[in-house]
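The chains carry the letters A, B, C and D, assigned in the order they are written, with residues numbered from 1 in each.
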Amino acid sequence: MIVALKPGVTQESREQLMDWLQNLGLHIHVSEGEYQTILGLVGDTTKVDMDLVASLDIVDSVKRVTEPFKCCNRKFHPEDTVVQVGDVKIGGGNFCVMAGPCSVESEEQIVAVAKAVKASGANMLRGGAFKPRTSPYDFAGLKAEGLELLKIARQETGLPIVTEIMSVVDLPLFEDVDVLQVGARNMQNFDLLRELGKLRKPILLKRGLANTLKELLMSAEYIMASGNEQVILCERGIRTFDDYTRNTLDLAAVPMLHELTHLPVIVDPSHATGINRLVAPMAMSATACNADGLIIEVHNDPIHALCDGAQSLRPEQFDVLMGKIREIRKVVTA
Amino acid sequence: MIVALKPGVTQESREQLMDWLQNLGLHIHVSEGEYQTILGLVGDTTKVDMDLVASLDIVDSVKRVTEPFKCCNRKFHPEDTVVQVGDVKIGGGNFCVMAGPCSVESEEQIVAVAKAVKASGANMLRGGAFKPRTSPYDFAGLKAEGLELLKIARQETGLPIVTEIMSVVDLPLFEDVDVLQVGARNMQNFDLLRELGKLRKPILLKRGLANTLKELLMSAEYIMASGNEQVILCERGIRTFDDYTRNTLDLAAVPMLHELTHLPVIVDPSHATGINRLVAPMAMSATACNADGLIIEVHNDPIHALCDGAQSLRPEQFDVLMGKIREIRKVVTA
Amino acid sequence: MIVALKPGVTQESREQLMDWLQNLGLHIHVSEGEYQTILGLVGDTTKVDMDLVASLDIVDSVKRVTEPFKCCNRKFHPEDTVVQVGDVKIGGGNFCVMAGPCSVESEEQIVAVAKAVKASGANMLRGGAFKPRTSPYDFAGLKAEGLELLKIARQETGLPIVTEIMSVVDLPLFEDVDVLQVGARNMQNFDLLRELGKLRKPILLKRGLANTLKELLMSAEYIMASGNEQVILCERGIRTFDDYTRNTLDLAAVPMLHELTHLPVIVDPSHATGINRLVAPMAMSATACNADGLIIEVHNDPIHALCDGAQSLRPEQFDVLMGKIREIRKVVTA
Amino acid sequence: MIVALKPGVTQESREQLMDWLQNLGLHIHVSEGEYQTILGLVGDTTKVDMDLVASLDIVDSVKRVTEPFKCCNRKFHPEDTVVQVGDVKIGGGNFCVMAGPCSVESEEQIVAVAKAVKASGANMLRGGAFKPRTSPYDFAGLKAEGLELLKIARQETGLPIVTEIMSVVDLPLFEDVDVLQVGARNMQNFDLLRELGKLRKPILLKRGLANTLKELLMSAEYIMASGNEQVILCERGIRTFDDYTRNTLDLAAVPMLHELTHLPVIVDPSHATGINRLVAPMAMSATACNADGLIIEVHNDPIHALCDGAQSLRPEQFDVLMGKIREIRKVVTA
């Protein structure tokens, strides 16, 4: 951490600050410039409150040069983490496609979609049982019943299941779920993250709408610091001024996260764009920049043909897409 | 709700869509233009999924003309809501200042700050017991013990207390707290909102970093739809590309929210800017655009004089500010 | 255009508004709802000032249902535009790679890079002669001399040249340039756009840092309305809260623009990310979502090996990338 | 400037980098930490390309600790700049209100508005002659004729005039204009800025929609580096995800700019919000945080009463507002 002092600081003030920093266990290198004195802090600076130091009268600016995350930092753990669920692997060269409907609606629906996506090559079944909704008047999912239907679909197809958990209160219901998903709106629900850290099963952590990559990694750190090292990160679009798509899919986050962390990184093109016509091109783009997997909404319900979900693919569209993705994956890994 | 159809839609497809919409209980007015046919939907459109309709092959675009919020909508409830805590009132012409330290640290600290802010004219005591922290390695507050210390400070000064709740699990601990605060990161923690709706005490709902005013009002709607009508809204800065301040304080939200809703609207200049030198000017600006109150961080701890919180005012700075605010308030209400 | 009136508007006010709108040549369909009356305006609404109507006391909200752009609108011109420069084609299935150094520095440099990128399969040579710089103290390019060096490189390799124009004053110098580039900061320099519309040569129009797709298309409209129909659009990243990359590359803009307009759309992964390690993955992603081309910075200067441009590829990296891109292009067009 | 090296860098690479930096005239202080070596660069670092250094294989990160702007930096020029136009002063305790219509339409209109705003206490007359419009089909102003009408209004009232210049080509027409305004879309039109630097009259420089405070100051630096020191900065809203107002007015920029620079800072509440009902509250807020002035749209045209500009005040509204502003100004300067 680098602390630049204001010009004309008294010797006394400077020493007072240095004493305080040294008491935090830090070593200080002083660089005296013509206009400015700079303190270089060496040691464990993760516990120093940057904002607090920056607010001091004698301080001009503070810059952090080391990342505050440890467990998920590739610097301290250079090999890729491979998350495993039964026979399915994600990361370290293993590509994984999770597919399924936005909401679990009925046994017939979830089993039919599960069979369809398996036939097209999906590795895991996704489906919402607990649904976060902006409006209190909207359908919030089948909840416990939805989880049971997912398990039936798993039994029928052998696909592991991934579904969203919204509250620590519901944890007991998720005991037999393979991968627990933390939604974008809960990325900084720290109580939930801490509880998930006590589990020993994979957590799919989605990036929040307005969260930086550092904050995403700090939330992964919450889970890992409690001992659960099986975290899958997911880019799903950020909120910007852009108004044609629901969110702005930030694909450069994929190679950037691969530099910063050893955790696998997947992409959700369905929620990012909110428009089914954009799902296939964005899924292909995500594959081309070496994402470790995809999570895609697929809907299959002939009696609701008219009101197909705005961001869901039909099984036949998903099947064509899977063919393209396999081809692009070959180019990327060649 | 307005649905614009694509050019060249067949009569059959159009009727299929109109049947489906009519089955949702809506009346449809058809406007046929030279290039485009437009359907005007009249009735309760809150349950129509706009994204879903927009995704249909035959639909060009969908626009909502009525707001999806009801309970907090000024159109259906023109008079200002006045939230009351003991003798303290907020809204409908009643201005309220909540002040206190970022974190509750000790009985000595919280009582001293409470006395100081009361002497300067604050109406309520704020203080964090449960603290949301980006990093799992940072101090997360004194929790239950912090709540007890707040109650002691209340007893000593008579100031009602406002403090943040982070999880439904902690609800029993907050039984004797006057105002429960929902932090920006939990603005869309819908489970928490629904539980708070079952209470009959004031909720201070902070706007999320990347949330629109409509989403803020929908979150208020979650609380109100469950029967709790005592909601105070709080603007505390949004996340933008701007990098000099921590967040960008969106003060135009204050008069805009006053148009849209009857709920009181306060401003938090401390968290919005993260820089103590900006707190006083932004508090004055918030008062000048007719906010119903302020929530301000004040710290008082001589032995930590050096590391005063980055965004906290000292009691003597707060006292000067309160004088200015009273003067501006006079101009605004003249 | 849809105008929703406020509840309780008098018959007289409503007729006054309708008279005024009808005088603008519009037909009006009135839908009377329980809570709200809605006016549907049919005709040429491009000249109606939405903000102005929205500001009227009796108006609740205004929504536009048709796009204000005409010349570049795919609805009125369904076939892809193919822009041609000598033998090089862009759009309508023709993929084009423009490559070259950030700045033209010397004859030796530009000729060497031109030969290298041609050998790897680039179709056009890019290079900056007039450089927009945030700081007045930075190098602003070789200007007229740089243009001459680009022409020498064109003569040596046969590659058409594309370079940025910053001011109408410089237009005479660009007479012999093949493609004129409008930079992101000038996307709404309307005087410049209007002058470029008088030319009959291709314009490469880059999206501004904070501009919507609609605004990008309106700027293309400026050029096309003056008679120049050879416009190439370029996505090059938008400004968001994200701080790891210089800008956020918005790749979903590519398929979205392909829906909205018949103009070719290319991507600039070098300026979007500002980090050379991210250029190859983002170039591959752009190809995978069916962009019509790429513009990539390539630098070749052994004596500056240490200070290779932050976002430039070395020729050997570019060569490997071109191989990958050809393979992905095969998958996309299969 | 601080350069953090990656772990495990060879002695040879490090010395190569240090040689290069020393050749740029910089002194280097080396701090060796357990994990990381940090180089502190002292001297004139304004010419070092941060992105370039950051892109080197051996470099982990680069941080700038000094601002790259000089002429407008308060560190080197602690006293407030006072810009003077005839008897009117801005900055250094002098508050200035510029008011007038969005567009100059006719002699009758501009003279009437000028007289009205003068009577209410405005110090300068604003009015658009050259109008930047997003659409090529919209009215672009009366141009040269509009400038003549402004001069007539100046003669009638004695109010100095401020109006926007969009192109260096038009400079001769502006010879007799008192203050030249650079619009938000031209904030980084560097050619224009450089030419304005050659003048010896005040320039009103508006912040671009997506520009940081540093970039605003660098654009001021372009003007000042050419010798023109009379620059007035103007905050007019930034582009964010927020969709209720046209832009998000960033009022914290006012006290922040006052820290960073000695130049006067004014606020434009009309363009920032785009909604006339929000102009008065935001003008009052801007005054309360110690802005040096305001620029406000006022319209007065009985035959267009119906279609009053969306963001303009009527003279009687402006008159009430001026009374409030004078009162708030008293509180701020007390």
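Note that a contact is a pair of C-beta atoms (placed from the backbone, for glycine too) under 8 Å apart; a residue touches a chain by one contact, two chains touch by 3 or more.
As the structure is a computational prediction, the values presented were derived from the model and not from experiment.
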Comparing residue numbers, which of A-B, B-D or B-C shares more than half of the contact pairs of A-D? B-C
Looking at chain pairs B-C and C-D, which one is connected by more C-beta pairs in contact? C-D
Note: chain D sits from chain C at a C-alpha centroid distance in Å of 26
If you average the Cα atoms of chain A and of chain C to get two centres, how far apart are those centres in Å? 31
Expressed in whole Å, how far the mean CA point of chain B lies from that of chain C is 38
Please output the residue numbers of chain A that touch at least 2 other chains, ranges allowed. 210, 239-241, 243
Sort the chain contact graph into one of these: line, ring, star, complete or other. complete
In the complex, the residues of chain C that touch chain A are 210, 212-214, 238, 240-245, 248-256, 259, 272-273, 277-278, 281-282, 284-290, 324, 327-328, 331-332, 334
Of all residues in chain A, which touch chain B in the complex? 16-17, 20, 46-47, 49, 51-56, 68, 132-138, 140, 166-169, 185-186, 188-191, 193-194, 208-210, 215, 218, 221-222, 225-226, 239, 246, 274-276, 306-311
Which bits of chain D are touching chain A when the two form their complex? 2, 4, 7, 27, 29, 31-36, 38, 40, 42-43, 60-61, 63, 65-66, 75, 239-241, 243
